[in-house]
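Both complexes below contain chain A, partnered by chain B and then by chain C.
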Partner chain A sequence: MRRPRSLIPLFFLLPALILLVPFVIYPVLKTIYLSFFLEGKFVGLANYKHVLLSSDIINLDRFPTKSPPWGSLINNVIFIAIHLPSTIFLGLGLALLLKREEVKGSSLIKSIIFLGMVIPMIVGGLITRFLFEKGAGVVPSILGALGIKSLDITWTAFPQTALFAVILGSIWIWTGFSMLMYSAGLASIPRDYYEAALIDGASRFQIFRNVTWPLLKPITIVVVAMTLLWDLKIFDVVYVATGGGPGGASMVLALQMWDYFARELNYNYAAVVAVLLTTLTLIPAMWLIRRRE
Partner chain B sequence: MSTKKVLFSLLLIGVLAFSIVASGCISGGGSTSTSSQSPTTKTTTKTETKIQEQVTLKVIGPWSGKELDAFMKVIKAFEAQHPNIKVEYKTYRAEDLATILPLQFESKDTPADVIFMWGWFIKKMGEKGHLMTFNDVINPDEYIPGVLNAVTANGKIYGAPFTAAAKPGFWYRKSFFKKYGLKPPQTWDEFVALLAKIKKIPGIKAPIVSGDSVGWPLSDVTEHFILTFGGAKMQLGLINGSIRFEDPQVKAIFADRLVPLLKAGYFSEPVEWTSAVTSWWKGDYALYFMGTWITGMVDDPNDLGLISLPGCKAMVLAPDYLMVPKYTAHPKEAMELAKFLATEGQRVHVGTNSGKLATWKKVTIDDYWAPMRDVAKIVSNVEAVPDLDDSVGGEWQKTFWDQLKLLWVQPDRLNDVLKTLDDKFPKK
Partner chain C sequence: MGIPRYKLKRYVISNTIAWIAGIVWLIPFLGVLMASVRPYDQIVGGWWHLHPFTLTIKNYIDAFNHPMFPIGVGLRNSLIIAVPGAIIPLIVASLAAYAFARYSFPVKNYLFAFIILLMALPQQMTVVPLYFLLRNMHLLNTFRGLILVHSAWGLAWITFFMRNYFSMLPTDVEEAARIDGASDVKIFYKIVLPMALPGLISAAILQFTWVWSDFFLALVFLQDPSKYVATQRLPLLRGQYYVNWGVLTAASILVMIVPLLVYALFQKYYISGMIGWSTEK
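Moving on to the complex of A and B:
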């Protein structure tokens, strides 16, 4: 016999739905709707064709043989390719290093590293900009002192280095998150497992490979998904540090959307990028939800 | 079944409660007008009249620091003439306003009563019906020719001009030139020779410091080259799209004049423009291309000298425009303030260390702050033209700034830069 469906869960969902419908669902649907129109006329997929074929999004004339700009989508991919593994391994490394009791002041060090996550992203962008400014910034000064004169420049002013400046700045900002997540994960692993492994004669590397890393898998999934989402949505840091320049060399999708929207006042093209961006971010988000289920 | 009944009852109660609260709010709002005959409302009406007399206007502009101090003197002068009006000022960059205002206006709202903004933006918003017009408020004949073009569409004036900045050339410290025995050049060759001489001075990072911001300091320098070697006609042609950047004459200015200087290292890498003022003043650089407002930013304006590129007969005059959105709660007072800013307020402003020039012809040289009088005379002897990127506006403005940043560090990519500028130019 089929059990009658209860309306009670729906009732409890009602307050959330009342907020979600006008503030999330309607704007999402309206954005999708706008992406098919131009100057008030239905144009089908023409806007998508225009945006995707634009050299602002993918510049195959220059990528990969010539210097940037390579297009915002390619820049986002490069961003992910460098930022994602860097923050994961740095975060994990720092969490492992600072877990050990013999490290004095580990809480203070963790707090300092986590500072990047606490400050507003706009401030993070400004710090990034000045970190890589010739004369004022630490990075060009150190590289200059080491004799690498070609990198003793204002990184954000040159197309070859602007994107990397933003990525490195973002690694500093985001590593705190990764480290904190791994620290929490490490704290949840029972000590018995390590003691048993030591009694069995396992080396430090074997313990890490066979005990720590597998048990940190759920944490890694969260860190990977969250970092991917952050990388795809990256906006503030780029906006402040480089404005997407010079010559579009550090342009990313979210900033491209903003430019269409705020500079060109072309809400239809902005909607196309928004839809693309949402689709791309949905992939890791769905993956995360499924893995957690 | 009973659960459903309970649920339905709860929903009904919820809806009823919401209705009661909502109706309470609505009737509450209306009660002020309906109870106007009761004794208590007499007091309320009196208070309302009092409130109407004391109006607070909100003004949004781009200034901060010393520039704001100069502007606030104008506001003080207005408040002294209008004791019933108080003015509150907020600083917003035009780039940020460009993102905020279209949405606010579409929802028939405004963040301020008087807003300073780019001319092209004011025109666009005016055409969309969001702004009050100035046709009956200001007299176009009282302004320098062409200054209202940027804010006029179909005979309607949507913005009023305030004072203007001129972008006359490269500033230098007289004491610096004296110390190293340098002289202002009279020809292009002398100019290049001067740069070469400066580059050899020990401790100099580069002869010319390139101001960096979102990109406008570089566009100002570029426009000075265009005006010197192409003239006002070329600048106006580039603005209205009748001349392309890849046009051989335009390209020649870049290729033969600007790019060789960039390649020779006579321009510095872009440096944040306000910190560039400090570095230049202390002698890290010898020349700085900047608008006339720099006179109010240095310690000793009397030590300032000016070098326009030899042969320059036109210069950019960039007025600050203001608009009054239709959605202001105080249209009469807002227009009163706008009128003051467009007329007598200019007299007050040029008398301060703002480094600005009047667009209202009734302002005389004697009204100017002393260090600006010579500049005002120089500007009055050349043809004033509108700013290129401010006039075109939109996405192209950012592209122009961004491409020039690229050109500054990679002058070999001139062809790419010019092509991008043409490709992205707004289609008619």
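Moving on to the complex of A and C:
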């Protein structure tokens, strides 16, 4: 580090600040401000009370005993509860499997699985819808052929299945990320560690538990945090696969915000949902920041 | 046989599971491809039925000649936005990243933590005020407005990524140039930027594909149908009386072919970008 008191760092930072202040920082503050107003009048926490207690966000009249809609916050939580562990374990399992020397064409398989991360999410959502369409889609047809007639339907058109179609499609899209991260992590573990463990007579499972898994912990933290952020912000996939429907059955917070903003033209409620969503993303974000210290 | 039995068993099991996974992940793409090159009546009952099998490019022609939202115009609009939307933040963020990598200044650590916070920020948190700001600046419904928003959004992650990259570069050449009397700016663009070229390529192609793939910001800031980008047109092609999967899948392929080509051509940079963006060296 040099010339600590000079203005040179400011010169390097200035263009970034000129773009960030009007197009990111000011709008964030203004959104917080808007969330306390309604029709131009300061209303304190009334917007928060209204939105958070509305059945759009948490519908306790229907959750968990009756069929959806259960509310967008609950849908986000269900999404995370299924999507996060599925993609982590699938990604880790595939990385471990495809690292094995005996697997032929492992880099081709890796590329195929990673394609979900390369394509635009709006295309991923459209493919999800196609996959779960009765007649034209693979999933209902296979389930129908297996005799499960109740699932030989267009999943995106029914409240009981719409959210799960979106979640399964998102697992297809996102598994490539954790697979890639874990593959990179596994490649960085020195071979001697395994050889030493083998000489000591450790079993495969013991090696995984005591060598591989602890060494992958930094990767796991990043993958979990990034997946949480992706899950919380999910928008494109839901927008095109189900539109949040039917009847709000697959509505998520990011789409709920758009609904208040563009359909109901209620900027203040939209701001409340945005603040709520941002608050939730702070949890994984703070996690990533603290890891640096 | 030369291979011991237990090894053969392991070989068969590993390869079977790996290839089943590969095929499961490939099937959705295969379906899209099949649906895009066959007539509607051959795919509505399942694209995996191969009799009869008619090859046609009608779906692609229909996607280009769509009466309301021709996909070709969308591809052009996406390109007009994604190229500057990648170059501008790359330049600006590289400058900022260099300040973080090589200088010490007050509040540096707080400012860098703030950059990470911005990486996590949902776009929903900014669009309402941005909508009115752009409207007042007469930038709503313009490519310039959307390019500016994308540039600002790209800054956080590119700054983070390039700071990590600059931090890994050796500093001895820079020190030698400084002793020879070179200015900080000259050192930056004559020495540091050329050395950081692989990192710059990674950042540029990732930012390009993300701007290309963006849907939400375009949805908010472009409302004139002739200005719609490719991703925005896609959901609008579904057809009026039935879901026209032929046109939808043909257009999907046209929209995703660009990021797929970028990935295929720059695979090494793409992967190292993905890994370097989300982890810290």
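Everything that follows uses one rule, which is that the second predicted complex is superposed on the first by the 279 of 293 C-alpha atoms of A that agree within 3 Å, B and C clash if a C-alpha of one lies under 4 Å from a C-alpha of the other, contacts with A are read in each partner's own complex, and residues count from 1 in each chain.
To be clear about the criterion, contacts are C-beta pairs under 8 Å (C-beta built on N, C-alpha and C of every residue); 3 or more make two chains touch, one makes a residue touch a chain.
Everything numeric here is computed off the predicted structure, so don't read it as measured data.
Clashing of chain B with chain C is the outcome of superposition onto chain A. Within the superposed three-chain model, A:8 lies in touch with chain B and with chain C [touch as defined at top]. Of the two partners, chain B and chain C, it is C that touches more residues of chain A.
Within the superposed three-chain model, A:259 lies in touch with chain B and out of touch with chain C [touch as defined at top]. In the overlay built on the shared chain, the residue A:81 is in contact with neither chain B nor chain C. When the two complexes are overlaid on their common chain A, residue A:198 makes contact with neither chain B nor chain C. By the document's definition of touching, neither partner reaches A:60: not chain B, not chain C. With both structures placed on the common chain, the touch criterion links A:153 to chain B but leaves chain C unconnected.
Look at A:45: by the touch rule set out above, it reaches neither chain B nor chain C. Contacts of A:118 after superposition on the shared chain: chain C is touched, whereas chain B is not.
Within chain A, the residues touched by chain B in the first complex and by chain C in the second are 6, 8, 11, 133, 135-136, 258, 261-262. Looking at the complex, you find that chain A touches chain C at residues 1-4, 6, 8-13, 15-16, 19-20, 22-24, 26-28, 30-31, 34, 94, 97-98, 100, 102-106, 108-109, 111-113, 115-123, 126-127, 130-131, 133, 135-138, 141, 172, 175, 177, 180-181, 184, 218-219, 222, 226, 229, 232-233, 235-236, 239-240, 254, 257-258, 261-262, 267, 270-271, 273-275, 277-278, 281-282, 284-285, 288-289, 292. Residues 6-8, 11, 67, 133-136, 153-154, 157-159, 243-249, 258-266 of chain A are the ones touching chain B in the complex. Across the complex, chain A is touched by residues 7, 10-11, 14-15, 17-19, 21-22, 25-29, 31-32, 35, 43-48, 89, 91-93, 95-96, 98-99, 102-105, 108, 111, 113, 116-130, 133, 148-149, 151-153, 155-156, 159, 184-185, 188, 209, 212-213, 215-216, 219-220, 231, 234-235, 243, 245, 248-249, 252, 255-256, 259-260, 263, 267, 270-271, 274-275, 278-280 of chain C.
By the touch criterion stated above, chain B contacts chain A in their complex at residues 3-4, 7, 10-11, 98-99, 102, 124, 212, 214-215, 269-272, 275, 394-395, 397-398, 401-403, 405-406, 408-410, 413, 416-417, 420.
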